[in-house]
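Letters A, B, C and D mark the chains as written, and numbering starts fresh at 1 in each.
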Amino acid sequence: MDAVHPSAWAFVVVALGGALLSVSLRNILHAIFGLALALFGIAGLFLYLGSPFVAAMEVLIYVGGISVAMVFAVMLAYSLGKKEGGSTRRFLAVVPVGGFFGVVGYALLRASFAVTSKTGSWDLKLVGRKLLLDYNVVFEALSVVLLLAIVGAIIIARRDEKTGDDKTADEKAASKGNDAASAEERAS
Amino acid sequence: MTLSHFLLVALALFALGLYSVLTRRHLIGLLIGVELMLNAASINFLAFDRFVVKDPATGQIIVLFIIGLAAAEAAIALSIILSAYRAHRSADVDDLDELKN
Amino acid sequence: MLKTLSDLVPNVFLAMLLAAAAIMAFATVNALFLVWLERKVSARMQRRYGPTVVGPFGMFQTLVDVVKLLSKQLISPKDIDKPLYHLAPIVVFVPVVLGLSLFPIDKSFALVDTNVGLVLVFAFAGMGFIAIFMAGWGSNNKYALLGAMRAVAQNIAYEIPLILAALAVTMIARSMRIADIVEAQGSFPYILVQPIGALIYYISAVAETNRAPFDIPEAESELVAGFHTEYSGMRFALFFLAEYTNMVIVSMVATSLFLGGYKGPLLPGPVWFFGKVYFLIFVMLWLRWTFPRLRFDQLMTFAWKVLIPLALANLLVTATVLKVMS
Amino acid sequence: MSADTSLVAPGAEKKRGYLALLVAGFFTLLSGMWVTLKNLFRKPVTLRYPRERPELSTAFRSAIDLVDFEELGSHDCVACMQCVNICPSFCIQVEGQKYDGVKRKRATKFLVDYALCSVCGLCIDVCPTETLKYSKIYDEVSFERDAFVFDLLEPFVEREEAFLEGQRIADAKEAEEKKKKAEAAKKAKAAVAAKKKADGGEEAEKAEKPKAEKPKAAKPKAEAPKAEAPKAEAPRADEPKAEAEAEAPKAEADAPKAEADAPKADEPKAGKVDKAAVEAKPAEPKPKAAFAKPDSDAKAASLARIEAAKKRALEKKKQAEQQAEGEGE
């Protein structure tokens, strides 16, 4: 199958730039916005890879949901006080990551893939049908996982009313936001 | 752009995510790294789907599953981060070194 | 068949430029008009005159206001988070521009046509939260931060019934392409099939755009101006522009989903389309100048205890009826 | 969450079910929207103030103004000083002068300090010629106290010469008539005296006195009913713009009597126009004069002040015209 239009490189730049920002910025909030940028770029790549639906879902859930939830969490539990990892830590991290990147990249460049032409269609209806017929069990399992995640998130984030006597006043003030937080976690 | 380009981009994203997980001390920084890695995997799936696999619906479905799982994971992780912050007044990994509480 | 901009203009970049220019022009003119309309409607509802001086019926009043805003000094508060503060007004505008391009304004024309148009609209609407957060956090102002948190909590809560209501329509139309949904409405609009869905959608849409009576994020009596408290001059104008364009987008969605889009007798399609859109916007103004603001807990209660259960029930009934009928 | 979070007011409403509440609430909202919709199509009740002015009640009181008598072509202040004397706030300054050939005194200066005036109306009550009235000024604004000193003679300055001329002629005529009458009376007296020398001259003298006084007493009475009409007849009644004023008084002065008859014929009509006149009046620039040294009688200074007031009035006029042009809707 033919190559993707070169204008996709623009989204590659957005995605990698956003990822770099999210990794390198010290302010955790800035890092989250960098992540949002990266996710937006990745959604653009999905568009170029032929799946606007997945791209839309990526924007809807990742950019509009997960990164927003992260920002919310940062605002509820904000501690910028400590510096991010020192230079030794960074150096120690660069070695394995660089190694990993080099090895896998080398393998990728050496490998050859059998590029084939499509027989199926990109139609959204087919995706839906497959989702509910062929992958029905996975789908249901995933929905159960989501439900559990929602319930679990609420239970974990919820303040324990009985043992919550030793909380500071500051925390009590913050607890008002918890309802909103759990609400928004339910949303995502 | 061809398949290997996409794979390289995904690899770079994965490496960045890994780096983030390794260096960040803020819990949300870890989460960011994980999300990046998940997305790198998604790009790989869709790229193979686009260039290699005969039936393109499958890759999309898998990516959708990844997105759904990521949402669930983020919800849980964030609530854990919140409760950890409440218990320790810190969202720093190094401070969370007790098994108690 | 539906024509898109890329059919008319072969060059991709040229098409993108044209589309961006057209959308920006539309958004600006529309905001100018809507601000004027809002002032006029609110004035008449309170039995005042509203703007009368500049231009016919004071129509150019907002133009003059824009000139004033342009000439104003851009104030940056102390200790702001500079990148976020400065980026927010631009970021808030991106999803708006993207979202406006997706609607078929006539039987034969839409700027962009995708088979997941509806999802994209909601996805772009979701991106708006990020900008609100950036503005609220970056301003280093407690009112802005509170406003931003309220805005996001509210928007996430109301996005669910919004999407659920729209989902019921896509189930009937069996498509997520907006043009298909409009075409599927045949001779009668879906508001007759989905009255509750339409109502839920509209209420949620009003809440999504942070308009009164759901304008809690910018409740001036408690939060000054919410997340854009610290913005002045053109930056403020961009937030304003985005807000009013958002109204148009949600109204366009409502028009396409429930009111039959460009369909209508006698008059050409775009006239019907924009006529319906502006009627819905008028109703929004009408609501704003009729009802008092909700309390935040009332707002959340309404979303979670009323709208979402109703929307879910609506979806369930729709699905059942469709299954039985087919 | 507590009961506080429910959407419903606590109490009776709670009995109803969830859906019933929703439906009832929905219709409540509709009734609210109906109210605003109705008001949307009603006429606005606000006045666009600088362009539109309220119709002031006839009972409206503001600082005093001189009445412009139609048949006189001017005011009728004789500088009797009664208003000055009775004013509890000492806000009126009047000076008068006797001109050759004119019988009555004329005011040469009539200043009112509106900033001091308490609008008690005593001056109006006391005025023997009834040439004082309440003005309709209600929106004078200034940063300086002097701006509230109104020179009430200002609108009459231009026609003063013509008035004096006319008055001279009229007085001369009157004097002549009086003379004739007096002569006639003398003749009669002489005749009577001649006739009834035997009876004595006491009775004749008695008869003469009331005759001579009569015209004086009758004059103001005859004017009084007319005095209201001229307001309506005056050209500014129809054209609120102050432009017309400059030309009008002359015409009035030339033929005061011819016009004075007209309003009498259609008095009820004039009454209607009067309203318009009242409405239009506040828009006219009111003359103002500086009040720097009230006691100094330097005429030049007062003239200069009047000039300044004129200039101010002209500027105001221009502004008013511009506003009138720019008025939308």
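Quick note on the criterion: a contact is a pair of C-beta atoms (placed from the backbone, for glycine too) under 8 Å apart; a residue touches a chain by one contact, two chains touch by 3 or more.
Only a predicted model underlies this, so the values are computations on that prediction, with no experimental measurement involved.
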item: Chain centre separation (chain A, chain D; CA means) in Å; value: 81
item: Interchain centroid distance [CA atoms averaged], chain B/chain D, Å; value: 86
item: Distance from the mean Cα position of chain C to that of chain B, given in whole angstrom; value: 32
item: Interchain centroid distance [CA atoms averaged], chain A/chain C, Å; value: 26
item: Pairwise touch network: line, ring, star, complete, or other; value: line
item: Set of all touching chain pairs, with the criterion as stated earlier; value: A-B, A-C, C-D
item: Contact footprint of chain B on chain A as seen in their complex; value: 1, 3-6, 8-9, 12, 15-16, 19-20, 22-23, 28, 31-32, 35, 38-39, 42, 45-46, 48-51, 53-54, 57-58, 61-62, 65-66, 69-70, 72-74, 76-77, 79, 82, 84-85, 89-90, 92-94, 96-98, 100-101, 104-105, 108-109, 113-116, 118-122, 126-127, 130-131, 135, 138, 142, 145-146, 148-150, 152-154, 156-157, 159, 167, 171, 174, 178, 181-182, 185-186, 188
item: Contact footprint of chain A on chain C as seen in their complex; value: 12, 81, 83-84, 114-116, 119-120, 122-127, 129-130, 133-134, 137, 145, 149, 152-153, 156-157, 159-160, 176, 300, 304
item: Contact footprint of chain D on chain C as seen in their complex; value: 41, 43-49, 52-58, 286-287, 289-291, 297-298, 301-302, 306, 310
item: Chain A to chain C touching residues, read off their complex; value: 7, 27, 29-30, 33, 36, 40, 52-53, 56-57, 59-60, 63-65, 67-68, 71-72, 75, 123-124, 177, 179-180, 183-184, 187-188
item: Chain C-facing residues of chain D, complex; value: 1, 4-7, 22, 29, 32-33, 35-37, 39-46, 48, 326, 328-329
